[in-house]
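Quick one: the structure is below, and I'll ask about it shortly.
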Amino acid sequence: MRIEELRERVCAMYPDLCPLFSIEFGDGSIAVPLERVHSAAADLKDMGFDRLGMVTAVDRGDEFEIVYRLQSRDLRAAMFLKAAVPKNDPVVPSMCDLWPAAEWQEREVFDLFGIVFDGHPDLRRILLPEDWSGHPLRKDYADDRIVRRPDYI
Amino acid sequence: MRTEELTLNLGPSHPSTHGVCRLVVRLDGEVVTHVEPVIGHLHRGIEKMAENRTYLQVVPLTDRLDYVGSMYANWAYCRAVERLAGIRVPERAEYLRVIVCELQRIASHMMGIGSSAADTGATSAFLYAFAQRDLVIDLFEALCGARLTYNYVRPGGVAFDLPEGWVEQCRSFVAQHPSAMLEIDELFFGNVIARARLKGIGVLDADTAVAWGVSGPSARGSGVDWDLRRDDPYSVYPRFDFDVVVGSNGDAYDRARVRLWECIESCRIIEQALDQLEPGPVMAEGLPRLLAPRPGDAYDHIESARGSLGVYLVSDGSVRPYRMKVRSPAFCNLAVLPLIATGHTLSDLLVILGSLDPVFGEVDR
Amino acid sequence: MATIEDIAEFLDKAPGGGILLTTVDAVMNWSRGKSLWTFPMGTACCAMEFIAASFSRFDFDRHGTIPRPDPRHCDVMVVAGTITHKMAPAVKRIYEQMPEPKWVVAMGNCAVSGGIFYYDTYSVVRGVDEFLPVDVYIAGCPPRPEALQDAILQLRKKIASESISPRRRRPVASELPQPSDPRKGDLEEQPLARSKATAGGPDV
Amino acid sequence: MDVKRARPAVPPSVSGDAEDRMGLVKGAASLAKGLGITLKAGVSRPLTVRYPQQKVAVSPRWRGPLALRGVLGRDDIPLLKSASHAYNELIDGLYRSDRLPPCVGNCPANVDARGQAFLIADNRVAEAYELVRDRNILPGVLGRICHHPCETACKRNFYDEPVAIRPLHRFAYEEYRKIRHERISPLPRTQGKSVCVVGSGPSGLAAAYDLLKLGYRVVMYERERKPGGALNTGVPAYRLPRDVLYEEIGDIVGLGLELNTGVEVGKDVPLVELIREHDAVLLAVGLQQSRILPIPGTDAEGVVGALEFLWSANFKHEAGVRGKRVLVIGGGNVAVDVARCALRVGASEVKLACLESESEMPCHPWEIAEALDEGVVALCSLGPEEVLVRHGQVAGMRMRSCLSVFDETGRFAPKFGDETTDVPADVIVFAIGQAPKIDALVAGTELLVSGRGQLVVDGTLFTTSVPGVFACGEIVTGPGSAIGSIATGHEAATSIHRYLQGLPLDGDRVARPVPVYPKHAPADITNVEANRRRAVMPMADPEERASDFRQVELGLTRQEAMAEAMRCLRCESEVCVGCTFCARTCPDYAIKVERVDEAGARCLTRYDYDLSKCCYCGLCAEQCPTKALQHTGQYELSFWHRDLMVFDKGEMLRPPTGTRATGRDGVSPPGCPVPRREEP
Amino acid sequence: MSALLLGIAWGIAAVLAIAGGAVIGVWWERKVAGHIQLRYGPLQIGPAGSLQMLADVPKLLFKEDIVPSAADKPLFKWAPLMVFAPVAASLAVIPFAAGWAPLDTSVGVLFFLAVPSLEVVAILVAAWSQRNTLAAIGGLRAASQMIAYEVPRALSVLPLVLLAGSLRPTAVLGAWQWWWMPLLSIGFIVYLIASIAEMNRGPFDLPEAESELVAGYFADYSGMRWAIFMMAEYGAMIAASLFAAATFLGGGWPFGGALGTAAIVLKAALLITVIMWVRWTFPRVRQDQLLRFCWTVLVPAALVQLVVVGVVLPWM
Amino acid sequence: MTGGRAVLFAAGLVIGPAAFLVLLLLVQRLLAPRRPGDVKQSAFECGIPQADTPWKPVNARFAGIAALFVLFDVESVLLFAVAPAVKGSLAGVVEIAAFAALLAVGLLFAWRKGLLTWQR
């Protein structure tokens, strides 16, 4: 499916969010408010996005951005679903009920970013030891074990 | 008689966990009632490290993600960078990428099939497969001077053009490889014991595979007919005639044997690519040493030996990535292990783990 | 029962005992050196080369070196790969579970110093010698199997200097700096050695 | 294993047989088959490499540990100092071994810019000047006007900004002129033969200089009263003060050149006579005629050619355009020169019209930028159609919009649109090219002239149709750069020398290498420290400079020049200059480089390479501009101590061959004293 | 008493023979495995690495002996001896020459079948005493496997006894006719397979499955004690092969005297090589498959052999 | 060699090797270094402290097979006792055959009863 077509279908579904659908570097992405991210994901799943390719987050400084990459075998399309997550209370609804694939990926995001997934069946650290403190992929993560590389080009 | 369950650790240092996975197993006699993979023993923080390295300096890091198939991570990363920076890759470079990645697929599958065999105790089959892999490694060494960590695919193209005589060497490898594969097929997959050990073990049905995000040969063994090379075509793959190998039962046997036949398909692709290869530059012209793509985020993926390997890059306009995320197929494939291994015996558990062919450099990143 | 050290000391003084000791030492060191069974503490890329080393092309069995997955049967622990903070306790534990005498080979730069993962990362142990006494270091990322072969030969030389008698044990390469010194490897921690060096001058 | 079998197709099902279990017979057969396969392997030859009898042959691209070829302070950079045939061979050898520095390779005359920077950084400025003069006959002049292809190819472009090679030429000259009287003396005349050079342009001077150094008597004739050829007549004085030109030519006269000015060969002296008088004659007369388009109205008053315009502007500081609107046709460097001169001789408004779009203009970008700074208006993508004439006087030009200049194959084939615009102007200067004017010169000789009025010349040997008569410069190459002309002068001198020595002209003559350097993209220098930046050439204020013929570029101070010369990376010299680019590009920070930068004590003091951090990615060696840093073929690297894995400078200089990086005792690095061990 | 001393002497001779056999056997196995795997195997010490074990054995002797603190120490310490002794004992009844065996007893065949069965107890003790989960699982596997394969092994030897009419191995050898070989082929194969399973070798090496249980039932044994386990394993292989060579394959046939003994040893070596060849070719079977194979294939096959012999017997 | 002598001889066969091995262990005790430690003496479980103890009732699924073994082994021992005596006599062969047939039927019964299939 061409990306413009995808955009039309998504816009038909969410007229109000249409301006938030952007096409960048050949990929479609829609940014939704955090409270609507789960319902949007469910709708997109109904639309045919049967695979949850990736769940990750980006530390944008003052807030997190949670990024889902959805893929569809039938539509032959892929798109991003993004939502901004406040940094002081990073809680995101879990997608485990829609795609079980989210289970480990959300654990990883929880481990490395400290974003809590509401409704996740088993939210524990996955990569780091259980007794680790802090979430290393946050930009403000400090750890005296890190030896900083001299920063020059 | 009242019996109790036994808890057992397999790993992190265990000959069959393919690296440093720790499996916490609860056993009822020999039967696994519960298994929990504990990963992260090789979590090296590559995603964090990438944030303090220039785009070019990240390439050696990606080598060390999937150390059985370094070329894939190189390529996936470079594709994301190229998408982000709008670089057009010369055609010859695309062909070289395809050739090395298909060779890498063979090398990686040799490791996967071999360790599947070794998990069941057939060490000799492992060595025969490894001997084939050694030939690929020789090709890679001639090409870029490294045996494992190639740093060959770079943003904008590839690092070196082919050395003299390489094409002939590659052709002779590709010519003998299928027959060697058939021999391993006879030795291992045709063996009554191996069939008894692998068939009906760890059955993963197609719907579950899709829902759990399983990709690559592990999913194709379950009949999920999905291969990015054909279904989300990238690079010059549409120009080749090849079949996507799909299994039907979704058991360990199918997963492993899909890999075997994929090697033969890879040989087909390599031969066609070598035929179509034309002289030309192998690196995009006018590429600065320091890339500073415009702000934005890009994702690109390729079909690695383990499934769809994606790299998500966020740029803030500086010379370093703001964030790099690797969507690792081995990680997603491994998540399904508890689902399909419960109820099997301890011996089968390791066979199932091996049939998913995880590489922990990539699982843990 | 007197320990073997006491007996050895007695023998050392006794007439003819020296020859006996030397013979025992020779037999012991020869047999140990020629039969180095390795524990493959393979975690990452180097493990691939370790596997390659014991497989058809390089065949370490030629040297009498075979990998055994059980530390109880091994003489050498080959740490091949990155050691993370999560993995380190397991490595240490396995090392401690190995029977004496035991040696450690740090294979590859990750095991030597963290290598490419020295800087910027929060989870990698910078060198397995932070918690294990390493006998031979192999450079490479990953090293070729020949380098591992070389390490085995180096280890043999090192073993050849050991003795039952504590007084006869020869320290190896004692003139070399000790690991407790600030390591030469930590370049940035060293003060600038040359005052004339280019500090403000044009850095080409 | 070598058996070729028909390629098997994908099986209908990879799962194999439908039933999960094999029968007893089939099972037993499969077991027997397996045993057969292992038996076959068991009796075949093992794959193992017997070591050390059969060492593994590593690939030539093997990325082993690093080694240095040479270091600053210990190994010197070879200076390309020679003036003849041997020089060509040297360049060719360097090119074939892939060691030609890009600046040298990209310069038409192969001026040793690397050697210049080396000598200036070492405070040996006069030597630097003479080194440059060997190939670039007028460094002081070219240091002002050259279009510096060397800087375009400079490898520093990859890292930040190119080295200021041209300003360094100029600086070298400024320093040299202070002591010129000490160093100029007539060269000994060792050959009994004499050569006559017609024309004192750059190519003629270059040839004359080479021949003087070879010991010939050289007599030069110049039509104008002052020498310099096109440099004298065509180059605006704000770019080239004439005293510089005359002084440098004076130096060559001081070396023994017999210069006769004000003599027009063909008019005052017949060429035939010169041919008789001298053993060889070199025609370096250049192009003297401006081309004017064959469009209606070009015969009107106010239409001038560029050369005439420049001549009058340069020598009279008056071109009859004071207060008038000037329209310059053309987009080349000459056009820009004309435009800028027009401003200086009082034009009220100067416009530049060219066919090409702004990005395609053939002039150098910095020239047009300076011109725009000064107030020139550029009208791009316009083609001249007709000169508008009012009362026999130019009133303007009708221009037609130009859609594209070149066709798909890159040939000049402009396509015009329908729109036309009228540009009002009082004076129209055509700067679209020049043509030779040699009718008078060749009169009475047997020299062949082509139908288009051009001399017939061999493009590589520079011979004409008459033996003993050679030609060089723009008359051969067509309109081009000064440095390009100089290159032909050197070649012609080589030809003349071989001719006079009775050697075959084409015998073992080396084809001039045409190195192709990868295009560079502007490096991002936002984060680059100031001391890595290029020295900024001080410029006169654009407002002020547009009004007179003062120099625009003001030159570098000694300190600036030395610092700039230190920026040179000594490309391809295989001597480590401590540029630290390897350390910068290393993903692991495994390299530490320090260098002393004092005059006279410039050397590398420290090169630490931490083998234990290196990831053998090879980026550093790729980055190394001098190729001093190279991978070795070594692969046995085991040590008893981690400290031994840090290689210092001495260890880095170990020979890069062999398979042992470690020293004699196998555990300590080379150069380290072998630890003594008590024998049992 | 002299019998006891003689027994001790023979026992020591047997243990030395086993040790020597194990030394050669391990070397030979490494060579066989090596060549099957396209490599050389030991190469450095001695010609073709044949003295490799001369380095390995003293090395193990100089190795620390670890006794786990949580283990049942007496059992842990004595288990290796318990494993080894039956193997050494079983060697005594093998007729090395026509009419001669070290212990020529009338129940020799039964002795040979019964005594090694004690090994299962020893292995179970060894595995259990370590208090190591991996070892315990290995021990359980070993126990089930070894007792199960006891049956086909015994049943496959039974036709020999029927044919020879005696339980005395020398008598069996004496009665041996060349046509026994084709007649007893099924029984021989059953015997071989059951013996491989008895000695825990591939493809039935589940108790020490390297890729599953790391080291299996001797996980926590180190140094010499572990070497004794290995020696016992090789001893069992040697004993089983020698027995098969001396009974199924007709002993010294077609030679006699010293040459006959050499023929026995040669035949046994050939059998050992076959066992190794099998070990390095096949994958390992799973526990349930192992047992099912025993009961559904081997035992019926052995019974078939019995019936065949029973049919032939009256016509002799 | 018969009777008590054989028994003594057999005992010697056990004592001899045992003595030899004890000697070996003694030599090892003398020569080998000994540095016991808590971790060293803990059970090996892939580098992690032991998760569980095996000294508890675990499910041994071969119990049924073990019962079968006892049955069959006793019977085969009986067969051995009879076997040498049947040489050449048809009656003996019939006896043996009947016995074997009984065994086979027993096996078949167990098989059909599912005793031989692995209980998951």
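The letters A, B, C, D, E and F name the chains in turn, as written, and every chain counts its residues from 1.
Keep in mind that, in the parts below, a contact is a pair of C-beta atoms (placed from the backbone, for glycine too) under 8 Å apart; a residue touches a chain by one contact, two chains touch by 3 or more.
The model shown is predicted, which means the values in this text are computed figures rather than measured ones.
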| item | value |
| --- | --- |
| Distance-maximising chain from subunit C - centres being C-alpha averages | D |
| Comparison of B-D and E-F by number of C-beta pairs in contact, larger one | E-F |
| Geometric centre: closest chain by C-alpha means | B |
| Rounded Å distance between subunit A and subunit D, as computed from the means of their C-alpha atoms | 52 |
| Inter-chain centre distance, subunit B versus subunit E - centres from mean C-alpha coordinates, in Å | 43 |
| Touching two or more other chains - residue numbers and ranges from subunit C | 28, 55-57, 59, 62, 69-70, 72, 86, 90-91, 94, 97, 99-101, 116, 118-123, 141, 144, 188 |
| Residue numbers of subunit E (touch at least two other chains) | 34, 36-40, 62-66, 133-134, 137, 210, 214, 219-220, 223, 280-282, 287-288 |
| For subunit A, residues contacting two or more additional chains | 128-129, 136, 141, 148-150, 153 |
| Residues of subunit B defined as touching subunit A within the complex | 39-40, 43, 45, 47-48, 52-54, 83-84, 208, 210-213, 226, 231-232, 290, 296-299, 301, 308, 310, 312, 314, 319, 322-323, 325, 327, 331-332, 334-335, 364-365 |
| Contact set on subunit E toward subunit B in their complex | 33, 36-39, 133-134, 137, 141, 202-203, 205-206, 209-212, 214, 280-289 |
| Contact footprint of subunit C on subunit B as seen in their complex | 12-15, 19-20, 40-46, 48-49, 51-53, 60-61, 64, 67-68, 111, 126-127, 130-131, 134, 137, 147-149, 360-361 |
| Parts of subunit C lying in touch with subunit B, wherever the complex brings them together | 40-45, 47-49, 51-52, 55-57, 69, 81-82, 84, 86-87, 90-91, 94, 116-117, 119-124, 141-142, 144 |
| Sites on subunit E touched by subunit C in the complex | 30, 34, 37-45, 49, 52, 54-59, 62-66, 210, 214-215, 219-223, 226 |
